[in-house]
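Same chain, two partners: chain A is paired with chain B first, then with chain C.
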Partner chain A sequence: MPRFLQGLRAFGGLTLLLASQPAWSTSPAALPALRAESCSVRGLMDQLREGLRSNSKAYRDYLNAVLREAAVSLPSGELHAAFDRETDPAMVEQLAAALVARSEREAEKDAIQAVARRALEDRDPSVRAATVRAMRRTGALEKTGDMYERLMRDGSPEVRMEAAQNLIEDNQYVYSAHHGPATDLAVNAATASTDPKVTARILESLDTRKMGPEAGQKLLGMLGHESADVRRSAALALGSVPAAQMGPAREALVGMYRGERDAGVRKALVQGIAELGFADAVPELRKLRSVDPAMAPEIDAWIRALESGVQEWGLLLREKQRLQQVR
Partner chain B sequence: MRHMKKKALAVILALAVPSVAAAYSYTVKSPFPGTVTATTYYSSGTFHGALDISSGRCNYWGVETGVMASLSWNVTIRTSGVYCNGTGSGTQNEAKHAFSNGRTFRLWHFIKTSDSYDRTCNRCQVGNEGGTGNATGPHVHVQYDQSGSNLTGWYSGYTTKGEAVDRSETIGVIN
Partner chain C sequence: MDSSNPTQTPGSGPSRGRGVPWGLAGAGLVAVLTAVGLVWRGGDDAQAPSATAAPVKASRSQGSHAGGGGTGAAPAGVEEAEAAERRFSDQTCFPELGRFNDGVTLETFREQAAPLLASKDALVRDYLKAKLAELIGDDAGKAGQVVDWARDAQGAEFQVLLSGLRASDAVQKPQVAARLLEAGMDAKLSIERRAGMLSALDTQKHLPPAAMDRMADFARDPASTEAGWAATRTLGRVMARESENHGDASPYLDRLITIATDAPDEQIRHLAQTAPLHNSPVLDAKATERFTRILQSEGNEDGRDAAAQVLAMSSDKEQVLKLFTDSFQREQSVCVRWALFRFSARVAGREALPVMANMATVDPRFQPLYRVFETLYAQGNVDFIRVWNELPDQNPFGCMDRHQ
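Let's look at the complex of A and B:
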């Protein structure tokens, strides 16, 4: 049977009678007896287990998509029981994704709580990581209380990094950087983490345009972190803060530049200052040019880019890169 | 000949590998079963730049957000009560999601229900089909815009005026 038919048979939620043989095929006596087949969560899991072994990423993606769509009509009790029983991380991720989909489609709003519980409490770090992945690009950070702050303290680096990736992608794709509480939660989680790699990962990718003042203060505090990676990512994150927080952010970045020794952090500080001020940052950058001669080419590139009159940050970044390449 | 094959393979690979910076796109399904009654232009020739979908029934079908993804939705209620044939320009109820690329996806004209509130969800209901705002009958206006200009490419090729659609029907792709 072709794979797509197997998928349909597994996920359709219908009792399918396998297609009868056409008139031109061999005689009925030579064929196996046709049987009606009921679809169930168990049957679906068997199909999934088989499908996930496929070498085709497209087919695996297809299975994921069909499962998430079918999740709304699957029997809740059976799905929860299967999720609770399952221990294979790959299958746990699929079943967790189905429960999360039920929650996101509002077929069963609290279904995500079972997934969050397992993400926090399962003994196997691979299972915890898998359940965290299943909550990516969903409304999990609004619906799971302090889960992300607790995940930041998870004993497994893999789990911590998966949680960080969720915070980044949720802010970028679910909230499109327009939801202050989501940004604040990501900043709070980043500052609560004791793993500098995780803190840096979250902050370097975070758009802070809607960040609240309290989270802004925490972010400013990260400029004094002992890890250069964290200081660098905090400087980048401060570049996009809301207008009300721009003044203190600019002062902090300029003040820190003179005492900072790490070249990577200095580059990030200059970028943060440029993003906060656009063309108005040019006089400040000229003043900083003499502090470290090694940074002069970097600052010059920023000054030329900012003086080009480009008004969008994405285009400015590209212009600055272009100017450095043609130098 | 061998070199030519290698070059051809390299070109094919270069075309096949997606750009790292490729934009993310979302499929949009119909918010309820109905018919597409207007697309880029009204029959009068006036620019519309959006999709109007109507079932012809007022306060019957729940309006789903349509975009196949978990998104945070901002629901603005400007008119309470059941209205099917218009309440005046600018008074429509609206559900919208503002994307970080500066584009905004909007649904207009629905009737306020207990489901009309801000939340993050995937194709959830935000009200019932109705005619709040500038409307002459119950329908939903589905719009994707940037800097005050309505975008039309997102539905072109996916649906046309007169097409019957249900909630499983793709009416466009936004990115």
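Let's look at the complex of A and C:
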């Protein structure tokens, strides 16, 4: 089972659909809540409009789940019409998620295109942001062409940030960083963005182990960015590049360290160098130690962690944190 | 298969091991525990219970990914939609569930939830669990009431009560956790019920030492069967949470190693042996020595396999490489040999290559594998997980399929 498929568990509950329909008609309707019926677009909209204001998270979560589950068998025309008509961002988000669910479950492959259109074209930025959220942790980025690059140029910072969040979470949870094209798409969007906050947000946690060489070049280029935040995030992202790109990445990070003035960027450079070399990075880090005395404790902490010989990056990060706590 | 984890995923339930030592009880346990949402990896609320996730993944596997990107127009939606309606049966809606939600209290919960539960709707059942957790809140008295109900509730209601309790804030209060533990240790209750009670403790942030001891003693009791298994899993899950929160995992690890060594039941022992794979603790000298004994004396090869992986995190790398070298020579199972071979790389990365070369001399079946590792390290790979993920074949001896 490829890990990149696991993010799809957001649409859990399919087992229910495989079960046969229980015999409702024989149950006595002792309480109002027991009345069960086939889901309809209208009925669900009414229930959602009321329920999304409930202070019970359990109930709101239930309603979200029911709509996504029912989406595959709701009449397509009615659902699209309701989506087109709706202007309340919270409701738009629900209906968009239902359409995305239809796409994901292959009940209606192109349903997501209506959502993507609205994310790009609606006049209300809150609605655009809501439709973007509805595509989070799905396979949307494989089905929406250049949508994310275009969203990077959206006039609303909220929309840009929601789109960044999708790229982060899709890469992490849907693809587990194992799908190069998804990584490249995130890098391309990040470099296309003119909002340094958004660029940094995408890059700082991006696992680039499957990144292609072209995106890799773009990422190296971001080390020269005027924003320290962008340089910091690019240095972190370069720590995890594929083996073939490690050499140039290491050279770039080491070469940049001496000239860099920003402490946060320097910290990120050190981390990137550590990740690219593990124990082999120790001699290099020792050399860099004298450049800036203020960085010596940080470099020492890395050297100690790397010298522990731990062979997995996640565990090395933990080891460094642990050693710093102990001291 | 989880491609980022260089071992089989442990502890997904006793039924996956060879044979079920307590007969049909194993299957029942899986039913109880998964229904309560307590599969090992699903211990955190962020993760969906695997029971519902699996079919989704399956449906996706032959789906849109294989074709890659592209936004080209698909054939007209109408036929597709009609086909979909044939493929998917209807989700049921409860239009007045909002009234239940607004009106229900802890006092009326059992009575009012009963007809909803009888509907067997999975989403409604999940809702009832979450709603019950909200109704309990952080009130220890209410939580105690639910523990009392759980002593005689049946079937789906039992699962809802314990899931609600497990997810509530109040379950973190010492007096509530203590009542659950007492119920789990109560010999008057059935083993299945005790397993459920002990499993509901798995969301704890900490366990007091006395509770750990009781659970570990119980897991070593031949009569504990699936409840002992549940106690072991709870110890493992709380240990993993402590580690995540940068707490001290060693008191849990200590008890788990005791179970891993002494429990008469092979499946319980195995669960304890694999528990550290979830948090990869760095082993001190004592833990290294105790796990060494497991590697050398455990009769079940899965246990020796797990021990090799755990030992790779020992702080004494030289000693472990020597141990692996010696064990490889004596080991008869090719699967355990494969574990010793690949986890040598987890011990020391590229520095382990001479040890691995030596193993490949002892057993020539490992020569092509040695060349793969050598090449990957020569290419500049440093992270063991990434080396593992670059292997052209992660299962060269069919060891991952041996339980299927």
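Just a few scattered comments:
Just so it is clear, the second predicted complex is superposed on the first by the 288 of 327 C-alpha atoms of A that agree within 3 Å, B and C clash if a C-alpha of one lies under 4 Å from a C-alpha of the other, contacts with A are read in each partner's own complex, and residues count from 1 in each chain.
Definition applied: contacts are C-beta pairs under 8 Å (C-beta built on N, C-alpha and C of every residue); 3 or more make two chains touch, one makes a residue touch a chain.
Predicted model only: the values in this text are computed from it and were never measured.
By the touch criterion stated above, A:Trp313 is placed in contact with chain C alone, chain B being left untouched.
Of the two partner chains, chain B and chain C are each touched by A:Glu104.
Once chain A of one complex is fitted onto chain A of the other, the partner contacts of A:Arg137 are limited to chain B, with no touch recorded for chain C.
Set against each other, chain B and chain C differ in how many residues of chain A they touch, and the higher count belongs to C. When the shared chain is aligned, no partner comes close enough to touch A:Thr194: not chain B, not chain C. Once chain A of one complex is fitted onto chain A of the other, the partner contacts of A:Gln172 are limited to chain B, with no touch recorded for chain C.
Contact with chain C, but none with chain B, is seen for A:Arg322 once the two complexes are overlaid on the shared chain. Comparing the two complexes, residues 104-106, 139, 142, 176, 178 of chain A contact chain B in one case and chain C in the other. Within the complex formed with chain A, the residues of chain C that make contact are 1-4, 47-49, 51-53, 55-57, 59-61, 63-65, 68-71, 73-74, 77-78, 80-81, 84-85, 87-102, 112, 115-116, 118-124, 126-127, 130-131, 133-134, 246, 280, 282, 312-313, 315, 317, 345-349, 351, 376, 379-386, 389-390. Contact residues on chain A toward chain C in their complex (touch as defined above): 1-6, 8-22, 24, 27, 30-40, 43-44, 46-47, 50-51, 54, 56-59, 61-62, 65-66, 69-70, 72-73, 75-76, 102, 104-111, 113, 139, 142-145, 176, 178, 181, 209, 243-244, 246-247, 276-280, 308-315, 319, 321-322, 325. Contacts from chain A toward chain B in the complex involve residues 101, 104-106, 137-139, 142, 172-179, 182, 207. Residue ranges on chain B touching chain A, taken from their complex, read 24, 69-72, 97-100, 119-125.
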